[in-house]
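Please find one structure pasted underneath; my questions will follow.
Going in written order, the chains are labelled A, B and C, and every chain counts its residues from 1.
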Amino acid sequence: MNLETLPLQLRNAIVDLFPPALQWFVHHLLTITVILTVFGLFFAFTTIAERKLLARLQNRLGPNRAGLPWFPKLKLWGITQPFADAIKAITKEDIVPAAADKVLHFLAPVLIVAFSLLGFAVLPFGRNLIPVELDAALLYFFAAGAATELAIFMAGWGSRNKYSLLAAMRALAQLISYELPLILSVVPVVMVCGTLSTKAIAAAQGGWTFGLLPHWHVFTPWGFAAFIIFLIATLAESNRSPFDLPEAESELIAGHLTEYSGFKYALFFMAEYFGLTALSGLGVTLFLGGWQAPCEFLQFIPSYLWFMIKLVGMIVFFIWVRGTLLRLRIDQLTRLSWKFLVPLALLNLGNGAFWALTPDWTGPLVLARWAISAAIVVVPFVLLGRRLTAGQAPRSYRYA
Amino acid sequence: MLGSGILKGLAVTAKNFVGSYHNPARMVTQEYPDVQPQLPANYRNFPFLVTENATDPMGTMRCVACQICEKECPPQCIYIEKSKDKKPDANGKLQLYPAVFDIDTAVCMSCQLCVEVCPFDAIKMDHVFAIAATNRFSGLLLNREELAKPNTYFHEIRPDEAAEVDGRLAAERAAAEEKAKAAAAAKATAATATKPATGGAAAP
Amino acid sequence: MRAVHDEFHGDLLEVSMGPQHPSTHGVFRMVVTLDGEQIVKLKPVFGYLHRNHEKIAESTSYLSSMPYTDRLDYLCSMSNNWAYALAVEKLGGLTVPDRAQYLRVIMAELTRLVNHSCLVGFLFNDLGTSFTPLLYAFREREKILDLFESLSGSRMMCNYQRFGGCRVDPPPAWLAAASALVDNFPRFLDEYETMLTGNEIMLARTQGIGPMGAAQAINAGITGPCLRATGVDYDLRKVDAYGFYPRFNFRVPLGAHGDTYDRYMMRILEMRESVKILQQAFRELPAGPIMDPKAKLRGFRPKVGEAYGRLEGPKGELGFYLISDGSTNPWRYRVRPPSLINLTLLEELCLGRTIADAVVILGSIDIVLGEVDR
């Protein structure tokens, strides 16, 4: 039995049980079920992991009480907490404001979950594990992802709440500002790999120097810069700290979620994590080598496990960032995008082009290639960063 | 350079993350119902009435219903009714006692002023902090039976203060006995000096 | 800033932030009129926590008001107690023994640490952190509150000062624990500053936000760190030299811009100075009585007259004004609450700014609604 191909063999075995006319249907139904189950559970355990990690970052214990209802002695470090939360969310009263637009208020959580799940269709989870093989997978992914902001706007508008409305305004401003650097950061990858297919991009990052150093895009100057821009834009796209302006707790109570309770609130919460997971998965695919093992001798671990490990690493990093940083103001948020990330991403586009044109430089020219590529991103980073933070520095004080 | 402050912040939170596993100075949380808090002796929450004897709490209450605490209580949560009759206290002296002594713990703010103004060491602050009731009138209005707690309990929660109070009371009692004895002796000498005695009515 | 509303411009939006809002620090309400995200009008509404403090104090004895002063600014009960005790001692002509004076300085400076660490924590919460700096600050505050609890019996409602001295004499073990805590406190401050003071987002969010001019601040009667952030050298510990403060070596930090960042840094620097005062106090604490023998607990009847006792509270000048008619109750009792008076400039600081800034400016002014509403 081969662990690497086990999921495919299982799928084929089940599909073969059905008559040929139904097989395509069962095939896709099975894929959808598996994705929903795996990433549903992943979502559940991300919430508890986030709460526990944040708690430890803040020197707290975090939720550690929920166990199993039949074994009250068993504490299980509280890992059943998400299921308790789910039951609570389902049994809570669903309150719809009298003045709300009932249709939009209902549709928003449904749509946001649907849209945020669409992205999973084109992620290569393993060597041969990809739900839908699209040639224009990246285009599809971003088109589906952008629609989630529409749902946030629907929630904000439909709630007929002033905080929600402000949140909707912010969400739109954020969408327009950050969709651009997000997509621009991906373009160099497309340029270098010459394809929009996520499967081909993951495959292109195979191979190791000396069997130890992986050929991932993040380990190139243009790839590293693109990865950082991608990370920042991902944080902004998935409304996470420090870009959680639409639901800025200290300013707008809960933003577009103010008028949601019970399961609808849980759906928003779920969609946020699905969106984050999908974007992280894309980041893993584009920059962190996808399902590729980091070293040659580690290939015995199945490729889908490597994908999951990298995904968890990304999520943990996002949680860490959330536990540390404070929120930007809306004008600073847009300024960061238009005056810093977009120019940097555009320059990085040229950088990617340079890299794509010089694959045959050898000998000392390799060093020159790296130096030029690094200079193209580092110099503008320093200069633009100086412009961005002009006049802002820690001060020294006098004493009476 | 842009980002260095953010990286420093990330380093500090990472340090705290690791520290929370091994450094008790960073992880100060106690798991409350499993781990009961170690209350300092001075901790104060809601008063109780000290009785000398656990078996007869109502008969050996130190309170003499002087109503000073009732007057001084800032939120006026104490209600006292004096008794009609008198009972002998620990010194054998006849004293009034509280027929009714109610404290409304829904109003009490645990300020300790009643304890400070009490001249008889009859009311002291308790260590009970988990008071919950389903009825805010009958459940939180404590009467004298519920308020009475023996001196041994006082010793348990505040050993130093209780020992000090006991010593002081014992000294007072000894002084009172001394005085009574001296008075009796004086009376006896007076009686022997001026016979026949007519001073029976002047007995203390 | 535009306050015009015609058919070519969008509607102005009136948002009532509070009394239930995560960052109004209690039951405070700001009625803000917004043009987009910009504030064109801000009306502070308060009084939701009014408890009739002054009138109650006029109908009870001098002593009975002491526990109520704990509940004014419920983060700094020790300072409140001291301010009230100062006024009553002036009225009754009581003197405070040396040891009690030192203890009062210790308690007041520990309170300053408690208040300022809370403030910077809450300020960062208003700035949008996910509670991390707040919980670090609370972790340190917790240790000081434990000290307060083991000494006075209560963590926040200390009720510790009495007219003519203090209530409980701390045992040597307490002093050792407090001294160790104070010695460790700068380490926490260093870590805190590493984490946040140089943070680019923090600088962008606070520098130049809500600047207050020196003249503006003086005209509005602003006191405390908010006033010193504008560069005005006015610290009652130096000006009035009450208690034993003249015996202590400490410096008063002064800002230059009067913006939110300066107000934040004033708190951090004052905490560092407080640590110095505390270390000196633990070194020099004399032995002796802690109560004026003339002082009596009950039946305190000061002579006819009036007195104003004030001190440099963590939030500003906290004053108690008492008029005695010779009875056991004050005839008039008045509190000068720094929180309320510092709040008067809120609208001027917030106009033309966004909601996000208004929340931060409010946080940097440092109000406690128990004191604002009384």
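Rule of thumb we're sticking to: contacts are C-beta pairs under 8 Å (C-beta built on N, C-alpha and C of every residue); 3 or more make two chains touch, one makes a residue touch a chain.
Note that the structure is a prediction, hence the values are computed from the model and not measured.
Comparing the CA-atom centres of all chains against that of chain C, the greatest distance is found for A. More C-beta pairs touch across one of B-C and A-C than the other; that pair is A-C. Put simply, the C-alpha centre of chain A and that of chain B have 61 angstrom between them.
Per-chain Cα centroids separate chain B from chain C by 33 Å. Taking each chain's centre as the average of its CA atoms, chain A and chain C sit 43 Å apart. Across the assembly, chain B contributes residues 2-3, 6, 9, 12-13, 16, 26, 28 that each touch 2 or more other chains. The set of chain C residues that touch two or more partner chains comprises 132, 136, 139, 195-196, 198-203. Those residues of chain A in touch with two or more other chains are numbered 57-60, 323-325, 389.
Of all the residues in chain B, the ones that touch chain C in their complex are 2-6, 8-9, 11-13, 15-16, 25-26, 28, 40-44, 68, 72-74, 109-113, 116-117, 125. Across the interface of their complex, chain B is touched by residues 53, 56-61, 64, 320-321, 323-325, 381-382, 385-386, 388-389 of chain A.
On the side of chain A, the complex with chain C involves touching residues 54, 57-60, 162-163, 165-166, 169-170, 241-242, 244, 248-253, 322-332, 389, 391-395, 397-400.
Contact residues on chain C toward chain B in their complex (touch as defined above): 60-61, 63-68, 70-71, 132, 136, 139, 142-143, 149-154, 157, 159, 167-168, 184, 191, 194-196, 198-203, 297-298. By the touch rule above, chain C contacts chain A in their complex via residues 13-15, 21-23, 34, 36-37, 124-132, 135-136, 139, 195-205, 207-208, 233, 235, 238, 251-257, 261-262, 265, 269, 354-357, 359.
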